[in-house]
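See below for the structure under consideration.
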Amino acid sequence: MNVLVIHGPNLDLLGTREPHVYGTATLADIDARIRRVAEALKIDVRTVQHNSEGAIVDELHRAAATVDGIVVNPAAFTHYAYALRDAIAAVGKPTIEVHITNVHAREPFRAHSVTAGVCHGTIAGFGAESYCLALRALADLLRR
Amino acid sequence: MNVLVIHGPNLDLLGTREPHVYGTATLADIDARIRRVAEALKIDVRTVQHNSEGAIVDELHRAAATVDGIVVNPAAFTHYAYALRDAIAAVGKPTIEVHITNVHAREPFRAHSVTAGVCHGTIAGFGAESYCLALRALADLLRR
Amino acid sequence: MNVLVIHGPNLDLLGTREPHVYGTATLADIDARIRRVAEALKIDVRTVQHNSEGAIVDELHRAAATVDGIVVNPAAFTHYAYALRDAIAAVGKPTIEVHITNVHAREPFRAHSVTAGVCHGTIAGFGAESYCLALRALADLLRR
Amino acid sequence: MNVLVIHGPNLDLLGTREPHVYGTATLADIDARIRRVAEALKIDVRTVQHNSEGAIVDELHRAAATVDGIVVNPAAFTHYAYALRDAIAAVGKPTIEVHITNVHAREPFRAHSVTAGVCHGTIAGFGAESYCLALRALADLLRR
Amino acid sequence: MNVLVIHGPNLDLLGTREPHVYGTATLADIDARIRRVAEALKIDVRTVQHNSEGAIVDELHRAAATVDGIVVNPAAFTHYAYALRDAIAAVGKPTIEVHITNVHAREPFRAHSVTAGVCHGTIAGFGAESYCLALRALADLLRR
Amino acid sequence: MNVLVIHGPNLDLLGTREPHVYGTATLADIDARIRRVAEALKIDVRTVQHNSEGAIVDELHRAAATVDGIVVNPAAFTHYAYALRDAIAAVGKPTIEVHITNVHAREPFRAHSVTAGVCHGTIAGFGAESYCLALRALADLLRR
Amino acid sequence: MNVLVIHGPNLDLLGTREPHVYGTATLADIDARIRRVAEALKIDVRTVQHNSEGAIVDELHRAAATVDGIVVNPAAFTHYAYALRDAIAAVGKPTIEVHITNVHAREPFRAHSVTAGVCHGTIAGFGAESYCLALRALADLLRR
Amino acid sequence: MNVLVIHGPNLDLLGTREPHVYGTATLADIDARIRRVAEALKIDVRTVQHNSEGAIVDELHRAAATVDGIVVNPAAFTHYAYALRDAIAAVGKPTIEVHITNVHAREPFRAHSVTAGVCHGTIAGFGAESYCLALRALADLLRR
Amino acid sequence: MNVLVIHGPNLDLLGTREPHVYGTATLADIDARIRRVAEALKIDVRTVQHNSEGAIVDELHRAAATVDGIVVNPAAFTHYAYALRDAIAAVGKPTIEVHITNVHAREPFRAHSVTAGVCHGTIAGFGAESYCLALRALADLLRR
Amino acid sequence: MNVLVIHGPNLDLLGTREPHVYGTATLADIDARIRRVAEALKIDVRTVQHNSEGAIVDELHRAAATVDGIVVNPAAFTHYAYALRDAIAAVGKPTIEVHITNVHAREPFRAHSVTAGVCHGTIAGFGAESYCLALRALADLLRR
Amino acid sequence: MNVLVIHGPNLDLLGTREPHVYGTATLADIDARIRRVAEALKIDVRTVQHNSEGAIVDELHRAAATVDGIVVNPAAFTHYAYALRDAIAAVGKPTIEVHITNVHAREPFRAHSVTAGVCHGTIAGFGAESYCLALRALADLLRR
Amino acid sequence: MNVLVIHGPNLDLLGTREPHVYGTATLADIDARIRRVAEALKIDVRTVQHNSEGAIVDELHRAAATVDGIVVNPAAFTHYAYALRDAIAAVGKPTIEVHITNVHAREPFRAHSVTAGVCHGTIAGFGAESYCLALRALADLLRR
């Protein structure tokens, strides 16, 4: 089972910036944790990070032929990136939207997602564990 | 570790009504699955279901003294039950909001949650597995 | 043919309170009239009144196995009770929403119904006769 | 007792167009059914159909001197025709707004009525029977 | 100087209907008063009344070649009749919008005019005198 | 018959500023014209101009005991000055709101009046003539 | 003089939960204070607390026959409980809405009350003293 | 192949009014151009113009039996004429909405269409050529 | 203890104008009542009334050095006077917003307060007694 | 005559994804069809596709010096990409916005275009033919 | 070069009130700094402060004849004072709106300016330096 | 002191496109002016321009380690680019948002900024001088 994990804009700064909001784990730490969980779940996982909506759309298109499921943290793109929404719908693989923080407990604009409607489900608020729960959910979903 | 799982209004009809939306598992099936996962995670779990907002608020108040964490599927209460919101905040235990379906892919009113802002995190769209993922998230959270 | 008639919150005060708005008939008068019309239509009718949304949801769930159709006056619940909406949809029996007054001729908030969308039809503005028309409509509907 | 039944725009196409939405009865079928019910209720009924708001307003003005009550299905005019609203209010006869379909279960714009506020009551969702229920309601109202 | 006075929908009922809102003068009374004032101002005046938006648009088109100014009481069309708005703009003659009542002191929807923006000015609230003031204003405007 | 004419904020600059919007007549020119028309109508008129909402409210209070009617051009206060609105209502004399320009043909915020609802009527778009028409309307109103 | 004091949802947790928002007084402390003030004012007071809207509606209905006035802190129900609103209006006794905190200084949703419009007055922001002020206001009102 | 071209309100004034907005071609010029293009495309075309919504609805109903496709420029009706919308949907023939000007570059209200959602496609901004492009599109569509 | 009581715009007309809304007590009557209650509470009280927002802001600034608490009835300023809001916040003394009438039971615009959010609490609906209750609340607050 | 055709995000997936929405033609098929039509119209055409807003803006800047007109399908960028809007306006060449589907018949967010206002015209709903019609429109426009 | 600097409501309290928001510099300190910068830029500067909108409007009117440019900090008037907006437009001198704090980082209502649209430019967020930057900008502008 | 100046989308076209809106200075001219002012202020400045939001986010991330302050003209990204907003917040350096034109005097959508709330301040409307003022503001800020 192949899974692509996509980190959206500004997540490359995790751990070194605004740790009171996003925690102290770096993206490398999170990717390591994701790989450990993936291994335990017998999932082949690949992680990428992009700051450009276009790059994420390209990544999703390439993934269409090779992956079984997708975990995406659209970060700020969540709130306006309709092209990303269309890409998720077009690729048509089970996709789970994750957020490190609880988006409902922050600025009002963060409660609105233009991408969640074309995903299979959403998980938000558990830090790095949000990704791990998403991997488990994908495993459960794809092996059913 | 004690965890209370609260099923909101109409969830007692699961499995027998609108299976194309909510799946064929009954609430008893889901509770059995929750108990199996809880056992594996060494969590003492208790599950309840109520159709009245006041009954859920009462349940939360009673739980304040005895549980370590809460999993709540507020169902339709998600969209207007501010008293439930205040109860979650007042009890002050880590609480995870779960939904069986992906609320963002249904009627527009279901995308708005008045309770999520006072929860620790949210998980939606994975059927009965939403509860199990929430138990894992609670375990991760409380044992950290 | 079994029909359940549900009176929503505050309708137990009919006849004694605000007669300039709701008329002078008491709920007992209305129930008597409903029973006369039901008898004429050869309908077995049962009437209940509740001030709690949860109690109406419970009532609907119990009715699912035994009734052929439902007449409900959600009163103030009309405007926000999404759990009641979900219960009507889940039970899946032909349901008619009735109102004693013409809700469009009163405060603006009364023009918005969250329950009508999952009912078969709506009748408003005819006093106790609203219920009787609903019984006729149900009879017409179920005997077709 | 004289009653005027007004069918609004596009209702002349009933039965031959979009039967999955509006049913297979033609307007002639509906008028026949209306006449049978009217006869049983000892009501002198006249039915008209117009596609122009101005024509309906003219019809209402002419009716003012001769009818005791009015049944109107404003169809699409329901949502914006303030001149029709003013005509109903100016004529001042008991008027019942009917709809063949349940307008609350269709496109969002159909849930808003600019005419219902000046009518005596509303009946929606029962097909041709909506008109018959309105005749009964008028009879009940005028003979009280 | 030729002036066309257009009375919009339902104004033919003036005097006989809702006199507490619109006064007891009939449209004939108002037209007589308009003619007296016009004569005093040496204006050739013609008055018409239509219940159909299309008929008013036609009237405006015909008037384009022969009148110097227009007084229009769009009545309920004020609030939604964009075709009437476009007709006033297309004809391009000085046009004054009048209302018998003070539209700002009635239902909220009456405070919004889609036609006033393409008129030269507006006069509201003075009963039949609204038309007479408009004639004076036109005379002042056209003789400047 | 005593009438007070109140010019609102910035109207003291009339004629010297933005003549393409407000015309070339100065406030003195307008006041002279108002006096000529008042004399012809046998009205004792007094005109004042204030740039402060409080000063206009004070002026209205003082006028309560001595004037029979009021003409007010609230200028920019039209759109937010609820204290001015309350003053007009409290004084309780027939008051006419006038505007030099057609407020519906300018910036969107100018189409909304918080004061018109407590006035007897409104006249807008006729330059200085707006005031003269208002005097005539008041004369007609008070002598009826 | 008989007065009923109703505490809404979650107020049973006062003093033990979120003391930085609601203060350290328990509901028992507040009730004791209410009773002392009532005694001084020669008011027979009874206090109740409910977490269910239906229970409060029932309480109000029972009170209709025996009390002279009502003090109600609807807590979170303030913002959506139209059935509670209708109950207050139906019972028709002078009712005062109180809040422990200043609802205008908290989350935006707390500034909107659906119940205040049918109450006699509102008092908010004074902690337990809000209730005492309401008792004084009721005494003043009922003894006038 | 039979095609009906419907020109909406005020389009009869084309070429003589507001040429800076709508160009100098008259409706006769445009109709001639439409006929030339239709001839080249072997389409039997008929063109009509109406200023009344009801007349356009009637025209559409009559066309249902005889035409293969429809080109409609609803002009100002675009923004509010739900009866026209329902007529297009009821007739069920491929219909193309055209506009002479680019409606998105004018007043904000012109960007909203209540009719486009039930048409096959839309073409706007090309003057008379908008109609010709629509004929080509219909030909392409119907001959596929 | 020094307290400043500020009456906002139009309150100088109390008793003589619109007594059906505001009661028959004059401002002098209310001030006398305020002084009696203040004396009983051993509060040195000073009352002022202004019709200008700027004058109230000035008054608040001067009061900063000498008063312990403030009671303000912003009247119509409640709904838009952000400069008054900022003045209350800047002065930083415990301030109570009072209203003579129940603002939630009147025009919709009166339900919105821009000043309450920076006050300690609000009291509305009790006539002159609103001020007296506010004095008691201030005494309770400042002597705690 | 040089024309640039720009395909926006996700259009590279045409034909292989969601064919029930977008049809079975691939982007290569569409480009071939565009080239055939361009050849017939004696237009030198170049087609590009980008998933990044920045890349489309760059493309438009480069095109400014060499092309006579532009056809752009902004796809999802239509609804939020103001930088694309500014680029179209800055380049200043006649630009036609096209859509494969009828955007008015899909999700509500697709009815709003931030780019159409700075284009010459819009064509939507005709599949690949939308591009061909745009080429014809450009030819007509540029050769006039 | 003559420049008038206008400080809006509550700015006279600078330095002594809410220093965590507005800093510790008093208005006298800021005026001294403004004068030093003005001297360096060879600008004759005059500074005034008013708490009343009318007083600022008067000040602007007087300044029209004598100043070359204006710097205005409208403070809370920014958000509703349309009379101030009209005064700035009427005076017609280059005017720069300044704010001490970054209005976009505070309460939502502070992000909306009714005055900025008629100013030459805006500067916000730099404390007293906001005024100095505005003086430099005016110097640059007027000496070009 | 190191400062990065970022020009957003379409600013590379400055001087050659829409000079009536943006002036005749090219981006090179502006950059030269920026460098002269920076030199005078002893600031090491680097300027970049990007048409892609992702590229600006990348640039900001790289700058985090080397610059002391940032000047950014987000151009059209101002109105929707939440990823840019998050990048400015994450980098955490004093950032000033500048605009060449007065955004409040243009299309309504330009008055809304999603980025200003995380900046230190904003400067708009002074052409190239906006950047120079921002450099001065940064110098003042960083050297304090």
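By letter and in written order, the chains are A, B, C, D, E, F, G, H, I, J, K and L; residue numbering begins at 1 in each of them.
In the analysis below, contacts are C-beta pairs under 8 Å (C-beta built on N, C-alpha and C of every residue); 3 or more make two chains touch, one makes a residue touch a chain.
These figures come from a predicted structure and were not determined experimentally.
Student: Give the fewest steps needed to get from chain A to chain I, where each step moves from one chain to a chain it touches.
Tutor: Counted as steps through touching chains, the separation is 3.
Student: Hop distance check: chain B to chain F, minimum number of steps through touching chains?
Tutor: The fewest steps needed to get from chain B to chain F is 3.
Student: What rotation angle, rounded to the nearest 5 degrees, superposes the C-alpha atoms of chain B onto those of its identical copy chain J?
Tutor: To bring chain B onto chain J, one rotates by 120 degrees.
Student: Taking C-D as the reference interface, identify its repeat among H-J, B-G or I-K, namely the pair sharing over half of the contact pairs by residue number.
Tutor: Over half of the C-D contact pairs recur in H-J.
Student: Please report how many Å separate the Cα centroid of chain G from that of chain I, as a whole number.
Tutor: Taking the average C-alpha coordinate of chain G and of chain I, the gap between them is 23 Å.
Student: How many angstrom lie between the centres of chain D and chain H, each centre taken as the mean Cα position?
Tutor: Comparing mean C-alpha positions, chain H is 31 Å from chain D.
Student: What whole-Å value do you get for the distance between chain I and chain J if each is reduced to the mean of its CA atoms?
Tutor: Those two chain centres are 62 Å apart.
Student: Indicate the whole-number Å distance between the mean C-alpha point of chain C and the mean C-alpha point of chain F.
Tutor: Each chain's C-alpha centroid was found; their separation is 54 Å.
Student: Counting only residues that touch at least 2 other chains, which ones in chain I make the list?
Tutor: Expected reply: 52-55, 80.
Student: Every touching chain pair, please?
Tutor: Pairs flagged as touching, ordered by label: A-B, A-J, A-L, B-C, B-G, C-D, C-G, D-E, D-H, E-F, E-H, F-I, F-K, G-I, H-J, I-K, J-L, K-L.
Student: Given the complex with chain A, which residues does chain B contribute to the contact?
Tutor: Residues 96, 102, 104-105, 111-113, 116-126, 129-130, 133, 136-137, 140-141.
Student: Would you pull the chain C residues touching chain B in the complex into a rising list?
Tutor: Residues 52-55, 57-58, 61, 64, 80, 82-83, 85-87, 89-92, 114 of chain C touch chain B in their complex.
Student: For chain E, which residues count as touching chain D in their complex?
Tutor: 8-10, 12-13, 17-18, 50-55, 75-77, 79-80, 109
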